[in-house]
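Structures are listed in the sections that come next.
Paired with chain B in one complex and with chain C in the other, chain A is shared by the two complexes that follow.
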Partner chain A sequence: MTRENPADLLPELLVLGAAVSGLLAGSFLPRTRQWIVAALCVAGLAGGIAAAALASRRGDTTAFDALVLDPVTHVTRIVVLSATLLVIALAAAPMRGHRRESEFYVLLLLSALGTVVLGAASDLLVLVAAYLLASIPGYALAGFGRDASGTEAALKYYLMGAFLGILMLAGVTLLYGLGRGTSYGTLRAGLGPAPDAAVMVGAVLLLAGLLFKAGAVPAHFWVPDVTEGAPPAVAAFVTTVPKIGAFAALYRLAVEALAGSAPGRPLLIAVIAAATMTLGNLAAFAQTNVRRLLAYSTISQAGYLLLPVAVAGRTDLARPALLFYLAAYAVTNIGAFAAVVAVGRDDLAAYTGLARRSPALAVSLVICLLGLVGTPPTAVFVGKLLMFGAALDGRYAWLAVVAAINTVASVFYYLRWIVPLFSQGTGTEAPLDRSAQWTAYLATGASLALGIGGGVVLTFG
Partner chain B sequence: MSVLAWLLPAVPAGTGAGLLAGRFAIGRRLDRPAPAVAVAAAFGTLCLAVAAALARPSVRFPLFGRSPAGLAVDGLSAALAVTVAAVSLAVLAFAAGEFAPDESRARFFGLMLVFTGAMLVTVTATDLAVLLMGWEVMGAMSYALIGFWWRDRERVGSADVSFLTTRAADLGLYFAAGAAQAGTGSLALDGLAGARGHWRDLIAAGVVLAALGKSAQLPFSFWLSRAMAGPNPVSALLHSATMVAAGAYLLLRLRPLLDATGWAAALVAWTGALTALLLGAVALAQRDLKQLLAASTCAQVGFIILGAGAGTVAGGTAQLVAHAAVKCLLFLGAGAWLTALGTKDLRELHGAARRYRLVGITFAIGALALAGAPPLSLWAAKDAVLGAALEDSPALYAVGLAAGLLSAGYAARALVAVGRPVDAGTRQETERTGTRHVGLLARAPLPVLAAGSAVLGVLALPPLDGWWRRLAGDAEAPAPSAAGLAASGALALLVLAATWALTRRGTRLRTAWTAPARDWLHLQRLAGLLIARPVLVLATALARFDDRVIDGGVRAAAASGRLAAALAGRRVEFRVDGLVALVGRCARRLADLARRPQTGQVHTYYAQAAVLFAVLILIALLVR
Partner chain C sequence: MTVLSLVIFLPLSAALGLCTAPRLGDRAVTWIWTAASAADLALVIGLWAGRGNGDGVSYEEDVRWIPSVRAGYHVGVDGLSLPLLALTSLLFLMCAVHSLRRTGRTRAFAALFLFLQTVSLGLFAALDLLLFFVFFDLSIVGMYFVIAGWGHGDRTRSALKFFLYTFLGSLVLLLGFIGLYLGADPHTFDMVELTRTPALAGSPGLAGLVLLAIGIGFAIKTPVVPLHTWLPPAHTDAPAAGSAILAGILLKMGTYGLVRIAMPMLPDAWRRYIWVIIILGLVSVLYGALVAFAQEDVKRLIAYTSVNHMGYIIVALGAAGAAGDAAARRLAVTGAVTQMVSHGLITGALFLLSGVLYDRADTYDMGRFGGLARTAPRFSGLVAVAAFASLGLPGLSGFIAEFQIFTGVIGSGGAGLVAVGALAILGILITAALFLRLLHRTVLGPPGELTSLVTDARRGELAAVVPLLALAAVIGVAPRFLLDVIEPFSATVVSLVAR
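Take a look at the complex of A and B:
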C-alpha cells in the first residue's frame, strides 16, 4: 500500500516553493531590492527546518515508494537546511547588489533540495535524479564569480561530476539488471541470489557518484581546485552541504539495499576511509593557502565520516555516530569558512596578529579549528568519540587506530594556522566582513552548544 | 558576685594594656597623665582586693571545650591578693614620685599594671590553664621591665638571662599540665593530689621545677641577681609580691600534692632551707646594697618554701606577707638613695640614713625586721616556719636556724653601712648623678610599709594566729613555741650586735674566701657550663647533622636526578629525538607525495580516478 501524501514532503515543498517564487520574483525586482529574494529563501529554509522538526516527531514511513522518512532523513533535512541558512548569512554581504543575486540564492536552494532528496531516496533512479539536482546548481555556483579561477573551478567540477556520474549510472544499470528493480527493498531481495562479483562491481560503480559528492578518494580531485577557485561562500557550501546528503545516501545504501549481499563492502569502505583521511591530512601539511588547507581538511573529515558507513549494520552506534558527526562537521566547517570570508584573504600570512585586531574572531577561528581536530568541548569531539566507539564496536579497531593517528597528525597543520593568529605583526589591514564575523560566532556557538549538550541531542534523536 | 572575681585582675591588666596601647597610638603625650592613672588603678585594685577578701567571689567558665576553668578567692588567695595590691600601690606611688618625666612613663606604668594583673590572675586561678596564662604573662612582663632601658645592651642581656632561666623552669608547669590532663582528666588545682599512679609524681616534679625557677631557689637563684638591672620599682615589686612570690604561692597552694607524693615535700623543704642558708651567705658577702637585698630575697623566700615543704601553710603565708612588706620597703629605700646619691655600693652609702632621716628610719625598721629582731614581723613569721621544721626533722631546723642567723648578719651589715657617718673615703655618684632629693610621693609609702614590717608578725602570734591559720586553711599547723621564739630572738640580737661590732671595727675576711659567695656561688657560670654550653653543642651538632646528612641526602638526590637526566638526555633523548625527526621527515615526504596527484589537469584526474576505481573493483573482487 503506497503512501502518497504530499504533506509528508512539506519541508522539500517549502524549499522548492521558496526557490521557484524567488526565481520568479527576482526576474521582476529591481537590483536594489533583490534582498527580498534572500528573505524569501530564508523564510523557505526556516519553514523547511520547522516542518522537518515537526515531521521528526512522527514514526518512520515511506512516501511515494521512493523517499524514506526516518531519523536519517530528518537529520539530513535539518542539518542541510540549517547549513544552507548559514551559507546565505555568509554570502549576504558579498552578494548584496550583485547582478545575479537572486539566482545565487535560488541555485543554493535547489542544490540543497537535491541534497535532501539524495539523503532520503530509497530508489536508485530517484538517487540519480537527486544527484543531478544537487550537482548541476553546484557547477553553476562554482563559476558564479565569472572570473578565470571560478570558470576553471566550475569546469573541473562539472567534468569530474559528469565522468563519475556516468560511472554511477553504469552501476545503477548493473544493479537494476541484477536485482530486477531499483527500489532498495526490491534490491535487497533481488541481489541475494545474484553473483557477488557482479554486485560488487555494480556497488563500486554506484559509489563513484556518491564519493564524488562526499569528496572522498578517489573522487576527491575537484575539492581543492573548486574550494580555491570558487567564491568563498560557494566553497563553504560545496564542501559542506552535498557531503551530508551523500553520507546519508551511502549509509542508506549500506543498510537497506546491499545489506544481504556484497560481503566485501565494509572492508572496501574501510580501505577508502583510511586512504581518504590519510591523503587529506598529508596533503594539507604544507599548504599556505587557507582555502586549500580547509579543502584537504574536508577530505580528511570525509574519511572519518566514512568510518561509521563502513561499520553500518554491524553496530547500533553507527547511525548516531554518523548523524552527530555530520551535524557537528557542518557547523564547525562553516564556522571556519566564515572566518576566512570575514578576513577576506587566503594566504596564511594574512592571519598574522588577527588576535589583536579582533580577539573574538580569532578565538572563534581557534575553536573551529580545534573543533575540526576533535578537542573537547566542541561538537566534533563528541562525534569522534561516537565514531571511535562505533569502529571498536564494529570490530574495525585498526581503522580506529588509523583515525587516531590521523587526528594527531592533523593537529600539525591546524596549529600552523592557529599560531600566527597570536604572533606579533599584522598580516592585513583590510576591514573585516561583519555579517561573516557574526556567522562565525554563530557557528562557533552552535559547535560548542552541540558539544556540551551532546548528551541531550543524542537522547532526543 | 562573680563580677568582682573578673574585675580584680581586669582593672590593673586592662588599665595597663590601655596605657601600652595608648603609648603606641597617641605617643609621648600619654607619659604625663600615666602615673596618676596607674596609681588610681592600683588604688582601685587594692579596694577590689579588700572587697574580694571579704566577699570571696568565684567564677567558673569553660575553657578549651569542656574543661572547666575559673577564678576564685579563698583565704590564701585573699591574703595574697591584698598583699599584691597593697605592695603594687606602694611601689607605683613611689615610682610616680621617683620616675623622671623624660622617661617613657606610659610604657613603664602600663607594664607594671599588667605585671600586677597577671600576678592577681595567678593567685586567684583555680586551674592550671588559667594559672599558666597569668604565669606566662608575668614572665613576659618581667622580661620587658628588667630590660626597660633597652638601649643598654647589658641590661637587655640581663633580661635575657632572667627570662630564659625562668622560662626554662616554666616548661615544668606545661609538663605538669599535660600530666594532670592525663592523670586526673582535668586541670583543676584541687584535684591534682588525687592523680592516679605515677602521674601524681610527674605533676609534682613539674610543679616543683617551675616554682623553684620562678622563686629563684637553688639552683636557679642567679637570675635574681641579673634582674637587678631593671628600674628600682621593678625590683621592689618583683622581689616582694610578684614573680618570686608566685613560685612560693604555687607550692603553698599545692601543699596537698607535695604531701601526697611522699618525696616532694622533703625535697622542697630541704631546697628552701639550703637556699636560705647558702644565699644568706651570698648576701653577707655582697658589696652592693641591691645585690645584698636580692640574695636576701632568695634566702627569705627559701623560708617560705621551707614552710611549704614542712607543712605549715599558715607560717609560710605569714612569712610571704611579712617579707613582701619588708623587702618592698628595703628596695624602695635603696632605690631612693640610688636616685638621690647616685650609688648603691655599701662602702659609699655611709651617712645615707642620717642625710635622709625618714628613709633612714624606715630602712632601719625594715633591716631589723629582716634580721629577725623581736618583736618585728619576720621574727615571728620565721619562727612559725622553723617550729614546723623542727617537727619535721631537727637537721632541717638547724639549717633553718643557721640561715636565720645569717640573715641577722647581712641585715646588720646593710644597717651599719648606711648608718655610720660620712667619712673621708666615702665617694658618691659612682653610678649616676644623684638628684639629692627624695620627693614627697616617693617618701609617702615608706612609713606605711615600715608599719607593716613592724606589726605583721602578729599574724603568727597569739591571739591572731588561730584566725590566720583558719584563713590559710591550715588549722592544725603548730604554733611557734615560746622557747623557740625566745631563742631565735636572742640569737638574732646577738648576731646583730656581733656583726655591728665587727663591721664597726672594719674587720675584713680574706677575699679568696668570700669570692664564691660574692659571685653568687658561680651559679650562672655553672648553668652556662652545664646547661647552656651542652645545649649549644648539641644544637651545633644537630645543625651539622642537618647540613651534612639530611641536606646532603637531598642534594645527593637532586644530583643523581640531574645525572639521570643528563644520561637520558645523552643516551635516550638523542635517539627519541632522532626518531621524532625521522617521523617528521617521512611525514613531510609523504605530504609532498600526497600533493603530487593534484596536477590541476583534468585529464590526469580522469586517468587517476579511472585507475583507482579499477583498483577498487579489483579489491572488491579479490576480498569477497
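Take a look at the complex of A and C:
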C-alpha cells in the first residue's frame, strides 16, 4: 500500500516553507532589515536538520511511491542542510545590505531542497524534477555578482546544465520505454529482459545529467569557471552541495534501478572515476588562483567519490564509504573555501605570511587542505579508508592503486598553497572577514570531530 | 585513562598549552618543552620499572573507536615497544635540551617537536593497525613542517621530496593494512587478533601481495636500498634536532613495523620471501657503507651510514624466518631490536654534534675543517666516541647489537646465511674506514679554513649529547637490563613466524 503521510517529508517542507516565506517577507522588508530573511532561512534549515535527525531513527520506508527514506536519504538531508547552513554563515558578511539579499538566501534554500530530493528520489520523473530544482537556482546564483566573470560563469553553467539535462531526459525516456515504468522498483524488474546494449545507452544518457551535478569528467568544464567567477560563497555552495545529492542519486540508481542489468556499467563508472581523479589533479598542478585550484581539487574528489558508486552492491563497505566521504568532503571543502572568503583574495601570493597575521586561520586552512589529502585524524581520512576498503573488497584493486597514486600527487598542489602561509613577508594587509573566520574554525573542528569520532557516526549510518 | 595514554598524550597537551598560552618568552617556551619531555621520560622509566621482564602486553588499554570496521584505540607495552618508547622519550628530551638557547619562532618549533613526540610514542604503543597508521602518517606531516620551516639549503624541495616519497609509502602501507583487514575472519584491524590468527592463511598469492604492500611501505620508511633516495636530501637540509629525530626515531618506525606487523601477521609469506628480504638488507648494508665513504658532507655521510645500519636490522629480521636453529634466530631478533635502540642513541648524538659545526660555520663540508681537537677538544672527544660507537667498537652499544645480529644470522641456516653474514661483516670494515677518515679530516690533521670559527661545545650541547653516548656505553658494558626486556619478545616473534 502506498504510504502518503506528509509528515514523512517534514524536513523538505520546513525548508520549502522557509524559502517561500522568506521570498514573501523579502518583498516587504526594507533593505536594512533583510537579515530577517536570513534568520528565517537559518531557522528553516535548523528545523530541517532536527527533523531529519529524528526521522533517521525510524525504519526505512517509501513516501508517495517516489521518495525513499533510508540512511542514504537521511545522510543526504543532514549533510546538505548543514552545508547550506555553513554557506549562509559564509555569505552573511558579504551579502549584508545587498540589494537582493533575500533572493540570495531563498535561491540557496531552493537549490538545497532540489539536492535533497535528488538524493531521495526513487522515480526517474522525480529525479528529473529534482535535477531542475537543484540546477536553476544554481545558475542564478552563479551570476549573482552581475559582473563579467559572473555572467560568463552563469552562462557556461546554464548551457552545460541545459544540454546535459536534455541528454538525461532522453535517457529517462529510453529507460521508461525499455522498463515500462519510471519507478526504480518497476525498472529493476522490467530492465532484466531488455537488451543490454539499449539499457546501457539509457544509463549512460542518464549519467550525463548526474555527472554534471557531481562535477565529474567529462561534465566538469563548468567547475573551474563557476568556482572562479561566481561570488566565493556561491562557489563554496556549488562545488559542495549539488555533489551530495548527485552521488546519492548515482548510488541509488546503481543498487536499486540498474542492479540486475547493464553489466558493463560498474566498469564504466570505474573508468570515469579514474579519469576524473587523474584529470582533476593534473589540471590543479599549475594553478596560481586558489579558487581554480580548489575547483580542480573538487573534481578530483568527485573521482574518489565515484569509486564507491562503481563497487555499489558488490561490497558492504560501499554505502558507508560513500556517505561518510560525502559528509567529510562537505565540511572540509567548505572549511577551505571559508578561509578564502576570510582572506578575500584569490591569488596564491596573497596568502604569504598568513600564519603571522592569524595563526588560527592558517592552521585551520592547513588542516582542511591536509584533510582533503586524507591525512588522519581528519574526516576525509576515515572516508578514504572506507573507500580503499570498498575498492579492494569489490575487486577493483587497480582503482584503489590509481586513487592512492592520485592522493600522493594531490599533496603537491595543496603544499604549494600551504608553504607560503608560513613564509616571510605579507601578501595582503586587508582585514580578515570575521564571520568567515569563525565558519572556517567551525568546519575544521567538525572535520576533526568527524574523523576522531567517526565510529559514533558510522554506527548510526 | 591509563599511565600509558598519559605518556602518549602528555607532550601533545603541553604543545596545545604552549600554543594557547599568551605571551611566552623564548626561554620560558624551551624550559616548558624540556620540563614536559623530562616528565614524560620519568613516566616511561616508571613504566619500565613497574613492568618487569615477563612476556606479553602490559598497560593495555582498548577503547572502541570505529566499531563498524572493528578498529579501536588499543595500546599496550611489550618487550619490543618498551625499549623504543624509552629511546623516543630520551631522544626528544635531548633535542629539547639541545634547543634550550634557541631564539625566534621557538613556540612553533617546540609545539611541533612535542607533537612529533606524541606521534612517535603513540606509534610504538599502538596495537591497532588503523591507530598505527594514523601515527605513521602524522609523523610525516610533522617532520615535513620541521624540515620546511627550520631547515637550510634547498629545504622546501627536500621537504617536498620527503613528504611525497614517504606519503606514497604510507598509502601503499594503508592498502596492505586494508588487505589484512579484509583477509581476516572476522574483519578486524586489531593487531592482537591478527597476530593470534594470521589473515590470508589459505591464499598464499594474496598474502604475498599484502606482504609486498606492507614491505614497500616500511622499506621506504626504513629506508631500504633502492627506496632510500629521499633520505640524504631530507637529512642534509633538516635542522640538527630534526635530523636526530628523523634518523633516531622515524626510521625505526619502518623496522618496528616489520617486526610488529609483517612477521607475526604474515608468517608464511615472510618465510617464503626471506631471501628477497635478506638480499635487500645486504645491499643496503654494503651500498650504504660504500656511498657513505664517498661523501664530503658530514650529514650526508651520517645519513648513508643510517642506511647501512638499518640494513643490518633487515638482514637479521630476514634470517629470523630461516629454517635453522631457533636459538640463533632469537639472537638475530634480539640483535635487531638492540640495534634499533643503539642506532637511535648513536646517530641521534652524531646529528646533534653535526649541528654544532653548522651552528659555528654554516656548513657541513668536512674538507673545510681540520684539527678541531685543538680548538674544540670536548666536541672532538664526543665526535670520536660517537664515531667509534657507530662503527661497532666493543664496549659500546653498537657492538652488542651487531655481534648478536652476525652470530644470529650465521647460526640461523646453511651456507647461504654464512655467506651473507661474512658479506655483512665487510660492511663494518667499510664503516670503520669511513669514520676513521672522518676523524682524520675533521678532528685531527692541520687546521682547515673554518677551524678557527669552531668554538668548543657549550653546556647545553654537552648536556644533550653526553647522556646519549653514556647510555650507549652502559648498554655496551652492561646490556642485561635491556636484553632481559627484549629476549622474551624475541622468543615469541620467532615462534610466531615459524608457525
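Here are some notes:
In this text, the second predicted complex is superposed on the first by the 461 of 461 C-alpha atoms of A that agree within 3 Å, B and C clash if a C-alpha of one lies under 4 Å from a C-alpha of the other, contacts with A are read in each partner's own complex, and residues count from 1 in each chain.
By our rule, contacts are C-beta pairs under 8 Å (C-beta built on N, C-alpha and C of every residue); 3 or more make two chains touch, one makes a residue touch a chain.
Small disclaimer: the values here were computed from a predicted structure and weren't measured.
Of the two partner chains, neither chain B nor chain C is touched by A:74. Judged by the touch definition given at the top, the superposed model places A:243 against neither chain B nor chain C. Applying the stated contact rule after C-alpha superposition, one finds that A:455 touches chain C and leaves chain B untouched. Number of chain A residues touched is higher for B, counting chain B against chain C. Of the two partner chains placed around the shared chain by superposition, chain C is the only one that A:393 touches, whereas chain B remains out of contact. By the touch criterion defined above, A:159 reaches chain B but does not reach chain C.
Legend: residue contacts after superposition of the two complexes on their common chain; A:376 is shown touching chain C, with no touch to chain B. In the superposition on chain A, A:404 makes contact with chain C only, while chain B stays out of contact range. Common to the chain B-facing and chain C-facing surfaces of chain A are residues 412. Chain C contributes residues 19, 64-69, 71, 130, 133-134, 137-138, 141, 145, 148-149, 156, 160, 163-164, 167-168, 171-172, 174-175, 178-179, 181-182 to its touches with chain A in the complex.
Across the interface of their complex, chain B is touched by residues 155-156, 159-160, 163-164, 167, 196-197, 200-201, 203-205, 207-208, 217-219, 221-222, 224-225, 262-265, 267-268, 271-272, 278-279, 282-286, 409, 412 of chain A.
Chain B makes touch with chain A in their complex at residues 587-588, 590-595, 597-598, 600, 602, 605-606, 608-609, 612-613, 616-617, 619-621, 623-624. For chain A in complex with chain C, the residues that touch the partner chain are 320, 359, 370, 375-377, 381-382, 385-386, 388-389, 392-393, 400-401, 404-405, 407-408, 411-412, 415, 419, 422, 454-455, 458-459.
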